[in-house]
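Each of the two complexes below includes chain A, the first together with chain B, the second together with chain C.
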Partner chain A sequence: MTAVIETESLKKTYGKHEAVRGLNLCVEAGSVCAFLGQNGAGKSSTIKMLLGMIHPTSGTGRVLGHRIDKESESLLIRQNVAFVAEDKRLYDYMTVAQIVRFTKSFFPGWKRDLEQRLLAQFELPLDRKVRQLSKGMRTKLTLLLGFARGCELLILDEPTEGLDPVAIEDVLQIVVSLAAQGTTVFFSSHQIAEVEQVADHVLMIDRGQLVLDAPMDQVKEEYRHIHAVFPEPVEERDLRLPGVEKVQTEGRTVSLTASHNVDSIVAHVRMLRARSVDVLPVSLKEIFLEKVRARG
Partner chain B sequence: MLLYKAWIETRVRFASGLIAVAIVCIFQIEQHAWLVAMWAREWADPKGYHFSWMPLGIHEYGWYLWHYLYDNYLQQVWALFAILFAFGGLIRERSGGTVLFSLGLPVSRRRWLFSRLAVALLESIALSMFAIVVVVIGSAIIHQTFSLQQMLLHTALMIAAGVFLIAFGNLCYTLFPGNYLSLVLTLVLLGAPYLWLQTYMQHMRYLGRSTWLGYFDFAHAMAGPWQLNWSSAPWLTLLLTWTLTAALLAVTVVHGDRIDY
Partner chain C sequence: MFRKPNPSSGVPIYVQLKEQVRHAIETGALCAGDQLPGIRSLAETLVINPNTVIKVYRELEQEGLLEIRHGLGAFILSRHRRAKTEGMRDAQQLVRELVETLKDEGLDEGAIRRLFEAELAGELQRR
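Moving on to the complex of A and B:
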């Protein structure tokens, strides 16, 4: 598979604060890649660097084969990338019709049929000024302006923030449908349930560093909680095996989080004479919380 | 479309500029008869004021228009609005929260800058042309005639030198923090020395004195001599102004390319 987004040791500092610390990313063409992280983890800074809005302090990156640190190439990137920012503010003095016409003029591949469908689906009034729209309506308009661009890569920063559950479902369906047509989607979100619903790859970032980079199927299949009860308390070090991400002991009860190698870990736990061993699936939310807390 | 956006953003300012220019021109045309009568009385009175320009003011309507409009009030109003037309851009959009939408479009920062400046320049030109229309109509009403060619030449000179103000103002907007604070700072930084020097140097010229401050009298460079032609045009000043304008634009471009949004 071809990589549409690649970064190598990407770094961004603001004064003494390191927002992004040596990030190595790879997003493959045709994937729906979720970019997870806490507030201030470096998600928006990374996205802005990919689009030439901020300049990397060091490191390199490519989007659709174009270098992100050159203004001339950044322009080529933005011709083929539809970006929806976290702060979904638009020119409030324009009407819906004016801003659609304005945005359309920059994208030769504009999908007029999708534009018309979304205008109707989102019930956006063409003659109303952007400043008169509610927050939810403005978000829908911003998403329409991103989706209809007909670009090969869609970068969405918190796309569903401020939307009601019905609108969120609509947006996720559109994302899935665009992905099915071959558009690569790279989106950041705090809504982990949404990520589980649509993403096929997960990137997790914490304090500017990548802490998880795996296909969603692998995460769902390989991440497991292993609960074991022993006749006597066991040492935590006895359970430090390849694949064990986290160990929690409470008296004779041990709780492990494994990212891979589950069968061997279970065999090892049984060998330590555990009375009972339960293997349970782990939700993405739990993985996220554990990754973040483990580094806390 | 970028020009369209810049036009929508500045059209209220442009309409305000038209009103201001109309007021200044109509007021000066309306004042002509009264001022000429007063100067004639003073000139005839041995104890009255006797300035060297008075005969010109009394007998040459063209001089009157040049002095009050192109060497003073019209120029000041035009300069103010030229600076106001240039106000805006990506830095301002950052305060308004729309900069990420703008930068997400396949438009270079330079194209954003120059399209906005192009609209500011076109609006400034339109404003000065509107002044000519008002003067032509107003002068016909008060039965005064003047050289339209001279008026066009002075307009051209005002614009040619005035591009410096647009470039300088634009650089200030890029460098200064805040939204309206940057506008106020720019107006103070540009307006205060401009107006003070204009007033001071006019006074010195009335007294027939010269000073080194004359080299910085940008307002006089914009007005030129009242009888403007190919040979009397301040070419050296214009060349210097254009060089400085190009330098200011270059600094703005380089600085703008480095800004993180």
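Moving on to the complex of A and C:
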């Protein structure tokens, strides 16, 4: 597998504020990789560094083999990566038809059939000025301009923000379709359900640091909640085992969150003479909440 | 033919889809020789990751339920062929165990290979 995006100890500080604190990312070609984090976790700063729009304070990285911290190379990145920014900035004075024609002229690999299909599917009025579009329509137009570029890497910052459920499903379907044709997709999101649906890899970031980096299937198969009831109260330290991410004790009841090694943990819990042991699946949302709160 | 998997359940999407394909075969909704949807079209219909579909088809191929013909698509295997692949898998397991045992007895790979060949050659002569 080749890496399309990789970074090494990437850092960005704004004055005293450390927005990104030593990120080592790796996104493989052909994957749909979700980038999760709270507001202000450092997602947008990271994406802007990947595109050479802001300069890293330290560390480095490559996108499609080009160095992100070299002016001349980062230009190549911006030419070869389709990027849809969070703020969905567009030229307000153009009409939909004009901005499509204008954007198209920069990209030789433009997908005309996809452009036509999306104009119809998103019901975008061709002769309306961008300024007069609703928020949802603006988002759809920006996505169309990104999707139709025909790039091997698509970076989306909060792509479905402000869209209704029907439009979200349309967008996810296009993501899936482009992925099936070999496009790598890297997208940040708050919508955990949509991430679970289409992503095959999850990166979770909190306060500028990576807190989860795993294939989606592995997350689903290996993360478990373990609830155990003991005859007598137990010490938390007796449950510090490999794979245990979090321990909560409440008298004789213990609940553990494990990221792997579940079988041995259960065996250990039984050995401590637990009366009942329940093993339950954990949703990505719960993992997210725990990862983010655990460090609070 | 297939339903959208539930992404928020604790069960991985590929496991859910695999169950659906198996179920379709058991109920006869899919018969031997039937072609499964293409990777891209199934991914688009269910709005799931195409790599998930690939994983499902690969695993079902390994389990002997379907066959991937390159450039053509995935097809359901007949029960007979399925039984055959299963038989082969069991046989492979037997051979593997035997080889392990012989190695534990101290025989090297060359010796084991010669024993197998001699046995097969003898078999041929006895016929």
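Assume the second predicted complex is superposed on the first by the 296 of 296 C-alpha atoms of A that agree within 3 Å, B and C clash if a C-alpha of one lies under 4 Å from a C-alpha of the other, contacts with A are read in each partner's own complex, and residues count from 1 in each chain.
Going forward, contacts are C-beta pairs under 8 Å (C-beta built on N, C-alpha and C of every residue); 3 or more make two chains touch, one makes a residue touch a chain.
Since this is a predicted model, take the numbers as computed values, not measurements.
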Clash-or-fit label for the pair chain B, chain C on chain A: fit
Chain B versus chain C as contact partner of A:126, first or second or both or neither: neither
First (chain B), second (chain C), both or neither touched by A:142: first
Contacts of A:193 with chain B and chain C, given as first, second, both or neither: second
Which superposed partner A:289 touches (first chain B, second chain C, both, neither): neither
Touching partner for A:180 - first (chain B), second (chain C), both, neither: second
Cα-centre angle that chain B and chain C span when viewed from chain A, reported as a multiple of 10 degrees: 140
Which superposed partner A:267 touches (first chain B, second chain C, both, neither): neither
Distance of closest approach, chain C and chain B, by C-alpha atoms in Å: 26
Contact residues common to both interfaces of chain A (with chain B and with chain C): none
Complex contact set, residues of chain A against chain B: 48, 51-55, 71-72, 75-76, 78-79, 82-87, 89-91, 93-94, 98, 101-103, 105-107, 142, 145
Chain C-touching residues of chain A, taken from the complex the two chains share: 30-32, 169, 172-173, 176-177, 179-181, 193, 196-200, 216-217, 220-221, 280-285
Chain A contact footprint on chain B (complex, rising order): 1, 4-5, 8-9, 96-98, 100-101, 103-109, 257-258, 260-261
Residue ranges of chain C touching chain A (in the complex, touch as defined): 7-14, 39-40, 43-44, 47-52, 55
